[in-house]
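Chains: A, B, C and D, in written order; residue numbering restarts at 1 for each.
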Amino acid sequence: MTNTTGKMFTITTFGSSHGKALGAVVDGCPANLEIEVEDIQKELNKRKPGTSEITSPREEKDRVEILSGIFNGKTDGTPITGIVFNEDNRSKDYESLKNKPRPGHGDYTWTSKYENYDYRGGGRGSGRVTIGHVIGGAIAKKLLSKFNIKIISHVTQVGDIKAKKVNINFIEEYSSSNPVRCADPDAAIAMEELIMKYKEKGDSIGGKVETIAIGVPVGLGDPIFGKLDGELAKALMEIGSVKGVEIGMGFDVVGSTASTINDEFYMKNENKKVDEMQPNSDYIGTTTNTSGGILGGISDGMPIVTKIAVKPTPSISSVQNTVDLEKYENTKINIEGRHDPCICPRITTVSESAIAIVIADHMLRSGFIPLSNLEKTV
Amino acid sequence: MTNTTGKMFTITTFGSSHGKALGAVVDGCPANLEIEVEDIQKELNKRKPGTSEITSPREEKDRVEILSGIFNGKTDGTPITGIVFNEDNRSKDYESLKNKPRPGHGDYTWTSKYENYDYRGGGRGSGRVTIGHVIGGAIAKKLLSKFNIKIISHVTQVGDIKAKKVNINFIEEYSSSNPVRCADPDAAIAMEELIMKYKEKGDSIGGKVETIAIGVPVGLGDPIFGKLDGELAKALMEIGSVKGVEIGMGFDVVGSTASTINDEFYMKNENKKVDEMQPNSDYIGTTTNTSGGILGGISDGMPIVTKIAVKPTPSISSVQNTVDLEKYENTKINIEGRHDPCICPRITTVSESAIAIVIADHMLRSGFIPLSNLEKTV
Amino acid sequence: MTNTTGKMFTITTFGSSHGKALGAVVDGCPANLEIEVEDIQKELNKRKPGTSEITSPREEKDRVEILSGIFNGKTDGTPITGIVFNEDNRSKDYESLKNKPRPGHGDYTWTSKYENYDYRGGGRGSGRVTIGHVIGGAIAKKLLSKFNIKIISHVTQVGDIKAKKVNINFIEEYSSSNPVRCADPDAAIAMEELIMKYKEKGDSIGGKVETIAIGVPVGLGDPIFGKLDGELAKALMEIGSVKGVEIGMGFDVVGSTASTINDEFYMKNENKKVDEMQPNSDYIGTTTNTSGGILGGISDGMPIVTKIAVKPTPSISSVQNTVDLEKYENTKINIEGRHDPCICPRITTVSESAIAIVIADHMLRSGFIPLSNLEKTV
Amino acid sequence: MTNTTGKMFTITTFGSSHGKALGAVVDGCPANLEIEVEDIQKELNKRKPGTSEITSPREEKDRVEILSGIFNGKTDGTPITGIVFNEDNRSKDYESLKNKPRPGHGDYTWTSKYENYDYRGGGRGSGRVTIGHVIGGAIAKKLLSKFNIKIISHVTQVGDIKAKKVNINFIEEYSSSNPVRCADPDAAIAMEELIMKYKEKGDSIGGKVETIAIGVPVGLGDPIFGKLDGELAKALMEIGSVKGVEIGMGFDVVGSTASTINDEFYMKNENKKVDEMQPNSDYIGTTTNTSGGILGGISDGMPIVTKIAVKPTPSISSVQNTVDLEKYENTKINIEGRHDPCICPRITTVSESAIAIVIADHMLRSGFIPLSNLEKTV
């Protein structure tokens, strides 16, 4: 089940960059969630290419169709299948790359493992498979929204340009107002210029994306091998191009002492009577959030903060050394195709999806969302 | 199955810091692996406390006993159970902490989730549960050694002291010659001094640990949701105190361009005849290894390089603010107990275990190790 | 993952009787299996209704389309998606049954559990969902055929008419020559007459189906909780209408003694030299097969024999008592729709699929089929 | 994870007949269930040998020790480990059987698969491994008892002696009053005599065991591949010696028509007001229960009725033909050891355990029991 993820809220994805279709089967979503195709489409629109100068010019409408699982406008407890047919697949661009693995891509490892490799656009190794993630993520987000949980994502660094810290309440609005999806308007402009510079050179640049889950209650996460941070790290690292994951302070803990970074607890409402004070999250908080909302593998009620390192898209237009897997000799390639000079803006939507799927799964696993039927509290 | 990890090579762990025993059940190890209790004991000895000035003084022999799964000195295909009984558990140290969650620990979240929480020494949230990881890891390492795969781990940073890069062939020897487990001897001395400084202050300091798998063939990893890097990230993030995970260059990709970091392919043995050149790993390599041995979620034959950010142990001896979960009011605590001023040296063994378990699992899942019986190649 | 089954060879099915489409995603099939859409279509044709007087007259072409997973005529290691669009769904037939659960059907339990229940034709509780099983089963059968494993199924009893025992080598040919799929030609005629009799009455009749896997090597099955017989029993019991499962002698063991039914072992080729005698299945057999090819949960090289009890299709045209789930009162219904007076003939294909999926999964799990790539023996 | 079963309530078992110990790790039991070691011990006492003339004379105290998971007399949400050390293992009895597989046992298949086979008493293929099932089952039963669910089991047939049908309310009391565990006192006497007759002959006899779950609410079961009947069938078939499983009428449906066996629905309390009538199980029932409490894979609120066919214990004291796996030649064996002339009485406890584990798992999976903590209804 290597194309299935999740335990109670699961998604199974299928399809490839230049095949007939891509899609996802979402299983375990409780019945009676109102959902429309537009709830999914609007997320796919945020992910799709061709929306600005700084993304790949591949033109795909990425229209999703729902084949099962919705009855009378609501989920009915059966698997929800969403599907997107491929349209603008210029497969010829890739003929010259056959058997010549592109540096930094999965061509070499996929070919070695499976031999029969759909090399067109990276096949199922393409970033285009995240359409499946986004279909699943859109349904997860819709479900979470009923429980006042929101997932937001923004670009915090491109190359050496770092965004200033923005208040959590404004990140979504500010980051959606520019094509870089950076919440700091000044940095956004600088980032866009930098990306355009590398686009013109036929090169690409890395970046950093922060994704935050707001409104998560205390108690999500199943130690020892189902810790919330462990499963978030897996979901994020499984996104193509991601080479690092941080929770909370992340690597900044390395140079820190416990006396300076321990998040101390305090009563939010000390004048409340004890018997009114359930659940804990409304009454107890931490004065800082260096732990990123997770302690001992379990959410602590603070915002869950994750950051990922995104490598520069490896498809570049300069000549690169590689090998010919048929002739078994050294050779060179020059990748044409259509690529993103910085994939960070589009990865924001995928990160939100990945995190929404994990959080939805844990909301079910920990009993915060009824398991079979939203209308039924047993 | 939140205390079980792995798909074909699985470990289920149990036990807590101050309960009767801790242990692991290892399932899926093929029959006919020669193994002795000493293979496991020597790994536990590397993990156990009290071995130097810079670790916790808790005195535990941590003697492991094997209860099942070994017949005539070899595995017999049935579950292997290893168990360690607790001895030096000074539970009284923790009485004063009952209902007063220690900042930075899981006390608060575990209590909120389960209510009936074994607060003595952090219960099952204690670092002591990694005894289970190490039992599983020792068996995984023994199995991998038959296939010439080796896992090594060393401390590369403590506070602001960074180790110099050491040739991969010397890391194991050099790092095992000092209590900090740092492969750079000069840095090791400085790190030890720094740790002692914080120990005296009753404070603690963070660090960074690098763990490398050498000899992994091309082809481990199951895209899309069983990618090797995804599962490594999960396994590492599930270790207590870990707040960040990197594969290969990790966060250094953020400021890089593809033209400078793409790992180019080359023929290692161009003068070999084509029909002799299988499998690929012996004949094709990359000139650099920024990707850390994984491309498209699948191993590429280069060393697999992971790094983790380890936070300072949150147990410190100064007074900290917290809440009283019974009285529902603000309060203060002063943690006594016995703690590590820097957990990095002991985490090296746990990281090796975590990675060995994932690699062993994938060696089985990808068919590189016979699934039921080492003597039988079907 | 309640709509996913299997561990290494998995199928995820979706869709309902009167929705847009039904289908399956098959994951874990190794790369380089040659497969054509006709391999799947021919199995679906055996399952589909309207092929004879004794099956439901619903007219469905049940044309399958492959959306992913096949590249250049061979599997490529990525998920294979097969889909069938619904056509002849006379949903109006079911309007009068809304909120009035049909006795013997899942209407009542599905409505109680999910509330938002697609009552048209039983929704996802319909026998039509076995299209997903058959898509998965067809791929499993194709894979198994490369390893000389064959799955055959035939009707052995309808009502009180029992078929005579037929030599295993003729079952497939004989049973495919009549619409009842009974290998005893005389019984087939009597069964057909009996079924027509109940069809005319608007009633239905039960029966028994035997399914056999031939050519399974010694060694499939993972004790204790992955025993081959346990997983076969689950797969068979999950088929709608099945109320009993037998392995080998089944319930006939109840009145038997060990001295009469123990299968004794013998050497098939005693004159062979010892060092030529691997694997065991070619050289050791049992003189009888009361155990049905499975001992201690593991296949023993003899044919694997399963039998199922199939209840009479509960949809009948006489008036039945039921309740009105909206008004909460007793009521009566008269089911119209189009139904099978005996579902056994069509269940043969579904049983073959169920068993093929389990055997394929175990062939991979036990290492008899290369896990990622048929061309690669590691 | 072939020694782990369950999804949310899971048990992992380990150990063998003549090894050091046997046991189980139970994971997923919610916190705050009061449990004492006696709750487990009393179930093990029902399973253990040597309690009457008609069971094996092996003398084992089978004292269970709890190593983890209980804190202050209640579960704490961490894995519960129960362990039984072996004592009376007369391993020498088995020396002569080494490499000579006993007909009807798993010796041959286990040896073929794993080669390094603990032949003493059947190793892990022994019925003694059901100690693990019973530890898990005892905890499941304790949990279910809080929700008024009871599991009872009795012997309904031995050889050709069939028990008369006994009212469901008296089965437990009556069946526990005789060593055969048959609820019909007259049949019990005849069964005991028959078993003693075969014991004296050194032969053994088969039988039938019925196990019933009472008080299960409407709504357990996850179609399509997590149907309640499918998972019950698997759990029962995984018990050694079981060759057939029936739900409800079982194989009697074969000769039946829908018009006679469909379970019709009726209102139990028609004079109640509609808005008081939740959940359905209190108000709607079926007039008959041929379906055995499961419709469409989901429980319907009626008692869940299962029956199993138990083969005669294959260990008999007469000479039997077999092969020598070392010399590769035909040979004969004469089994000594200590065996049950009819295993049915002891299998009742194991069946109860198997069913309790499945029902507990589904109570959690369907949200009828809080997932993490019994005290917390989210």
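Before moving on, here are some points about what is shown:
Convention: a residue touches a chain if its C-beta (ideal position, glycine included) is under 8 Å from a C-beta of that chain, and two chains touch if they have at least 3 such contacts.
Fair warning: this is a prediction, and the values are worked out from it, not measured in the lab.
By number of C-beta pairs in contact, A-B leads over the other of A-C and A-B. Centroid distances built from C-alpha atoms place C farthest away from chain B. Rounded to whole angstrom, the centroid-to-centroid distance between chain B and chain C, based on C-alpha atoms, equals 45 Å. Chain A and chain B have centres, each the mean of its CA atoms, that are 26 Å apart.
Centre-to-centre separation of chain A and chain C, using mean CA positions: 39 Å. Under the contact definition stated at the top, the residues of chain A that touch 2 or more other chains are 1-4, 7, 13, 110, 113, 124, 219, 366, 372, 376. By the touch criterion stated above, chain C contacts chain B in their complex at residues 7-8, 219, 365-368, 370-372, 376, 378.
Within the complex, the chain B residues that touch chain D are 1-4, 6-7, 10, 12-16, 19-23, 25, 27-28, 31-32, 66-69, 71-72, 74-81, 83, 110, 113-118, 123-124, 372-373, 375-376. Note for the complex: chain C touches chain D at residues 1-5, 13, 101, 103-110, 112-113, 122, 124-125, 129, 132, 157, 159-160, 198, 201, 203-208, 218-219, 221-227, 229-238, 240, 243-259, 261-267, 270, 272, 274, 277, 279-281, 283-284, 286-287, 291-292, 294-300, 309-316, 318, 320-323, 325, 327-330, 366.
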